[in-house]
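Naming follows writing order (A, B, C, D and E), and every chain is counted from residue 1.
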Amino acid sequence: MTALETLGAPAGVPVAAPTTTHTYERAGVPGSGTTRVRRVPQLLLRVLAPLALIGLWQLSDTLDWVSPQVLPGPMAILDAYRELWAVGDLQAALPISLQRAGTGLLVGGTAGLVLGVVAGLSVTAERFYDAPLQMLRTIPFIALVPLFVVWFGIGETSKVALIIGASIFPVYLNTYHGIRGIDRKLLEVGRTFDMSRWETIRLVVVPLAMPGILVGWRYAAGAALLGLVAAEQINSQAGIGYILNTANQFQRTDIILAGILVYAALGLVVDVVMRTLEHVLLPWRATHDGR
Amino acid sequence: MTAADTTPATTPTTTPTTGPAEEVLSHEAVLTGEPVVRLEGLSKSYGEQVILDGIDLTVGRGEFVALLGPSGTGKTTLLRILGRLEDASSGRATIAEKTSVVFQEPRLIQAQRVWRNVVLAAGRGAGARQAAHAALAEVGLADKAQAWPKTLSGGEAQRVGLARALFREPDLLLLDEPFGALDAFTRRKAQDLVLALWQEHQPGVLLVTHDVEESLLLADRVIVLGGGHIQADIRVTTPRPRDTTSPEFNATKREVLAHLSQVSPHVSPDHPAHRDYGKIS
Amino acid sequence: GGDADAGSGSDGATKLTISYQDTAFPALIEASGVLDGADLDVEWVNLTGPAANLQALYSKAIDLGHMGDTSLTIEQANSKTDWTADNAPLEIVAGWRNGNDPEFSPLVTAVRTDSGITEVADAKGKKWGFNFGGYNHAQYLVSLVQGGLTEDDIEPTQFADGATSAAAFNAGEVDIYSGGHGPILGALASGDAEIILDDSQTAIPALNVWTARKDVLDDEEKDAALEEFFERMSGYWAWHDENPEEVKKILVEQLKVDDARADFEYEVRRGAFRAFDDGLLAEEQAVAQALFDGKAIPKLPEVGIGFDPRYNEVQGAISSADAQAAQ
Amino acid sequence: MTAADTTPATTPTTTPTTGPAEEVLSHEAVLTGEPVVRLEGLSKSYGEQVILDGIDLTVGRGEFVALLGPSGTGKTTLLRILGRLEDASSGRATIAEKTSVVFQEPRLIQAQRVWRNVVLAAGRGAGARQAAHAALAEVGLADKAQAWPKTLSGGEAQRVGLARALFREPDLLLLDEPFGALDAFTRRKAQDLVLALWQEHQPGVLLVTHDVEESLLLADRVIVLGGGHIQADIRVTTPRPRDTTSPEFNATKREVLAHLSQVSPHVSPDHPAHRDYGKIS
Amino acid sequence: MTALETLGAPAGVPVAAPTTTHTYERAGVPGSGTTRVRRVPQLLLRVLAPLALIGLWQLSDTLDWVSPQVLPGPMAILDAYRELWAVGDLQAALPISLQRAGTGLLVGGTAGLVLGVVAGLSVTAERFYDAPLQMLRTIPFIALVPLFVVWFGIGETSKVALIIGASIFPVYLNTYHGIRGIDRKLLEVGRTFDMSRWETIRLVVVPLAMPGILVGWRYAAGAALLGLVAAEQINSQAGIGYILNTANQFQRTDIILAGILVYAALGLVVDVVMRTLEHVLLPWRATHDGR
């Protein structure tokens, strides 16, 4: 029979080769037993890598494998924290820096979101400002601190402007591409049922582009924190970027690393916040969790 | 009329499709209102491939038209043009503005719950949710209102798509195989719903289906599409509800099947499918 | 920006917006109390690096900007229009530094002990780290000249700022280094490095200066306020000398430096205002010449145009010679 | 047997489903080989909702089983468990390793051309492309080999999915409404293809369909799923090809429909769908 | 009839309200006539905004609205280019900088891609290194230039390391999320047909995640260029970052702006390259173009 020959099956014995079977067994309800047993090593895995790293680090310090100039040990860094805390710098830095980064992120992210949504939905808008934005995006804001002083003065404006500049593009880029990635068929639904532009954006476009948008915000949050370092070169007496800059100037490697760890901790906070947001905002996703 | 009679334009119930569309309107009394669809010389190509080739078609308000044709013949393409989702390559189309579409695949917005999918365009009013619940109840899915689309079965998703389309009161209802994933009983219920809505509000209906019996049970007119042309335009005048066992019904069924077999690319007269088509609707 | 244009403070006192490159000096001045009861309001601004200070001056965000004495020379040399006494937009109005004790010279040329270099002439073919612009750059260029070398004889290794340059030297990435003394204290103390030339040997003034915009100086009210400010500031150095412990404590708090660095910073931040006399201006002109010869600046400016000695008297400014004699 | 005879376990061709699965194997001679599916007390819940409730089912190698049931009753869920795509909540399942699935929706990889979709697992060999072309020719899509999936019509996409599944020689072939979007003639051709493959290689086949006639034309055994249980397990012993007009055929059809109507949630005895079900298969 | 009443239709007159219709006409083949007429204003739109901006800029310079310190005019910037070109800086800068950025981007991007693919497909891998990476990501590399000197020396290594650090995370983040966003149903196809891990990645995962991956590379390219500014603070005599840094030190606002414009041009090049890549790599996409 041709139908089968062309389907790659060799014509021949009608009784087939032995079948391999597998047995799967399951008792009880999901969420019990097995699941809990597995969760412990998972948690372990998550903290194992960092803990091992810290151990090795302290060891290399204690055994003088590397000079403290190159990499101060964890204890030295703890001391640095104690010092910063005693002077009150750390307590002062965080709220100030977070406020700056937060304001910039909010303004820049919102602008990026709006621009991204509009460009994603309208070719005209895209033609009008996508190219200029792509050009602006590449500009190294960090190198422009003196110019920002000229343009925005030495007050909070210039600091926040720098952070806005850093956080606008990740959100724009990911929003735009998130929206362009929406299956045309789903936007057709909106057109077919005469949904208003606004309803389409609210109910269809933004929710479906949300995964991409969240990646953009995630990146923007990092960029905003990064922007602090440049922004707090401008007339600041406090802030986590200020601490880093000063430590840099006075060769305090331990404080630099302490500051970096604060950044890393903030990175972790951002991660947790974004993961939570993803859970809250994307309950509908039919995706895998990469088993 | 017999099954052997397969030449389209010679049967009395087949309207010639080459004349101007107005003719169809003028000598047919079934139409209850102004046309909701009028296509004149409508063509559509994808690259080199001509899908629709000079289609003339008029559907009146209150007219129920079924569209049959082999897979890949351009039924969905035609519906998309009628739904203003696709541009034609050439020709003229006059189409009622308020249309409702049941797409061939459910096309639910995954990011919205089932009830919201039903009332997508209904704004934020408190009534929207209640209306959605009622519409869902009609298709037997009252308990799925709060579910996410990804958790629906194939037939459930299709019914949500149907509820969404029927929720509006369109002038033109475009249905692309809306009952394909439903079992016999659920399907019958959905058919009743469409019929009831149609009788109440008199939209023009264009129903794409592969089920010849279904088309003959529901429609006033059965159109067979093939090779880019309307191959047959058969009027069904038996009053509803129709009896599938009546001789007229089966004669029309055989006629439609004959037209279909003519345009089916893989069917030679001695192919078993041809021989058995009576059994496989 | 219009911060500095605010004119008078709430109590009618004239407001001065004054920048410094770190937060320690303002804190010390505050602690010294020299400005207490003054008929002027000082708003302190922290701007890192000469570039930000100059831009803040141009944009009228500040009245006084803090930089090194060479920064304005470079600014003048890079200006599109030639500066004259009439059109110069900026003027240095105060300059200060400690005495010329080589142990606490702000500016040095140093070598890694393992590099085998004992005098500049040995630097042939070696990596020499420096940072561009400012008096660190001048120290590098003059050191080369003193060793009878040109840039072609060595491996010039350029960094964008002093901190990175020093980090490279401390890490042993370069053999010889010209720049700030403070950032390499650790390497000097451990014996990994030693100084072969200090700023007195290269005759670089290495002053900290405050630069004012011309229109501020032309504003009578501000001029008067500046006069009072400098008069009071002249009293600061005595307090500094008398309160080493308090000064060091503030230095540690503000700059997060360790004790050794705090001791050094205490010494290097001592001193007095320097008079803009012919001797100083000749030194400054020599620095400009070195920069010009080293192709660091495109034209040779007349540096005197950038110095306005009008406050020297109230500052109690002393000549270099007197400073040396005082030591 | 009459249409009025609707109690499942009392008809002679209905196997009681509560006994151990081995029984089915022991007293049935139709099975040609070792079982490719053996489910014992298999249950599946989503949250509170119990979809499958203690299913016992054995399918032998070479056995062709059709699975019928109302929309949302768990047919796809069962197939997913058999395809090892879903974990059961409890129970025991022994399943042949080499399975092939035609999913309810086409599930083509949009990023790959049609031919590559057919031979996804066939590696990079030069033969893959030729084999894909041949398989596509079998489903009448030779000219679509180079197309992107997004340009396919509904029925074309479904046929690509079929070609993909038939390309392998599985021990267990799982078909979830594989002909739903095909017109009568294309459908018949596809059915022939599946039958031919089945007869040649004797896999166990589980075919989910809503078309009662189709199930009776193709399968050895028709299982009706409803309320989480197997409601009926009806053996069809008429030799193939079967005649849809024969009295036995129609008796079995009525029996299956009766079982279906019993488990259909929306059907009361006086509902019109119930009255007319003979017409709407 | 209840069926209808509950569907929101008021029971009433069986003959319906007047129908609104629209007529659509089209003659000839697509790509002719109308299309061409429309394309001109589109191109115009793309260049209009930049041109108008430049005109306004020169005007504000000529009329002395803003001081050249704040914003030198276009002519002044042209002069700056002439100067840079005459000295030979610009010709020297571009190849060197592009090589640095390119190397860093290639290494960092590839690392990010591999890490992203692995984390996207394996929960274990994700648990192992996602959190550490999220922490690393936030660290402000720009503030670490002195530490990079200590860790990686003053050769090309430290410069490229900095750029790697800048470009690894955008690709990682977008790849990871791109893969997590793939519909579970499509990965099931791979499992069902016993595709090998590698074949699944090659034929299913990477192609479907490609839109996200490309956004990541797009962003990484920008980050690599940005990294130049920091990297070329270290022992460099040439490079576009070096030019910016030097100009910054000497208050050459005109050169800073000239450098920025070079960055902007590079941004445009990146945009064109990525758009081309998107066209080449994503011909299968059933997306809209935002009409």
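We take it that contacts are C-beta pairs under 8 Å (C-beta built on N, C-alpha and C of every residue); 3 or more make two chains touch, one makes a residue touch a chain.
Here the structure is a predicted model, which is why all the values come from computation and not from measurement.
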Seminar exercise, completed: Going from chain D to chain E via touching chains takes a minimum number of steps equal to 1
For this session: Please work out which of B-E and C-E is bridged by more C-beta pairs in contact, and write that pair.
Result: B-E
Seminar exercise, completed: Separation of the C-alpha centres, chain C versus chain E, in whole Å, is 42
Problem set entry | Intercentroid distance (Cα basis), chain B paired with chain A, Å | 48
Exercise. Hey, how far is the Cα centre of chain A from the one of chain E, in Å?
Worked result: 16
Exercise. Hey, how far is the Cα centre of chain A from the one of chain D, in Å?
Worked result: 45
Exercise. Hey, what residues on chain E touch two or more of the other chains?
Worked result: 69-70, 145-147, 150, 185, 245, 248, 251, 285-286
Seminar exercise, completed: Touching at least 2 other chains, the residues of chain C are 49, 51, 54-55, 58-59, 163, 166-167, 170-171
Exercise. Counting only residues that touch at least 2 other chains, which ones in chain D make the list?
Worked result: 84, 98, 105, 192
Exercise. If you go through all the chains, which pairs of them touch?
Worked result: A-B, A-C, A-D, A-E, B-D, B-E, C-E, D-E
Exercise. Contact residues on chain D for chain A in the complex?
Worked result: 32-36, 45, 61-62, 84, 87-98, 131, 134-135, 137-138, 166-167, 169, 171, 192-193, 196-197, 199-203
Exercise. Which chain B residues qualify as touching chain A in the complex?
Worked result: 83-85, 98-101, 103, 105, 107, 109-113, 116, 120-121, 123, 148-150, 164, 168
Exercise. Tell me, which parts of chain E touch chain A in their complex?
Worked result: 42, 45-46, 49-50, 53, 69-71, 119-124, 126-132, 134-147, 150-151, 169-170, 173-174, 177, 179-185, 187, 211-212, 214-215, 218-219, 222, 225-226, 228-230, 241, 244-245, 248, 251, 253, 256, 259-260, 263-268, 270-271, 285-291
Seminar exercise, completed: Residue positions on chain C within touch of chain E in the complex are 49-51, 54-55, 58-59, 74-75, 78, 80, 129, 132-134, 156-161, 163-164, 166-168, 170-171, 173-174
Seminar exercise, completed: Touching chain D in the complex, chain A uses residues 1, 3-4, 6-9, 11, 14-16, 18-30
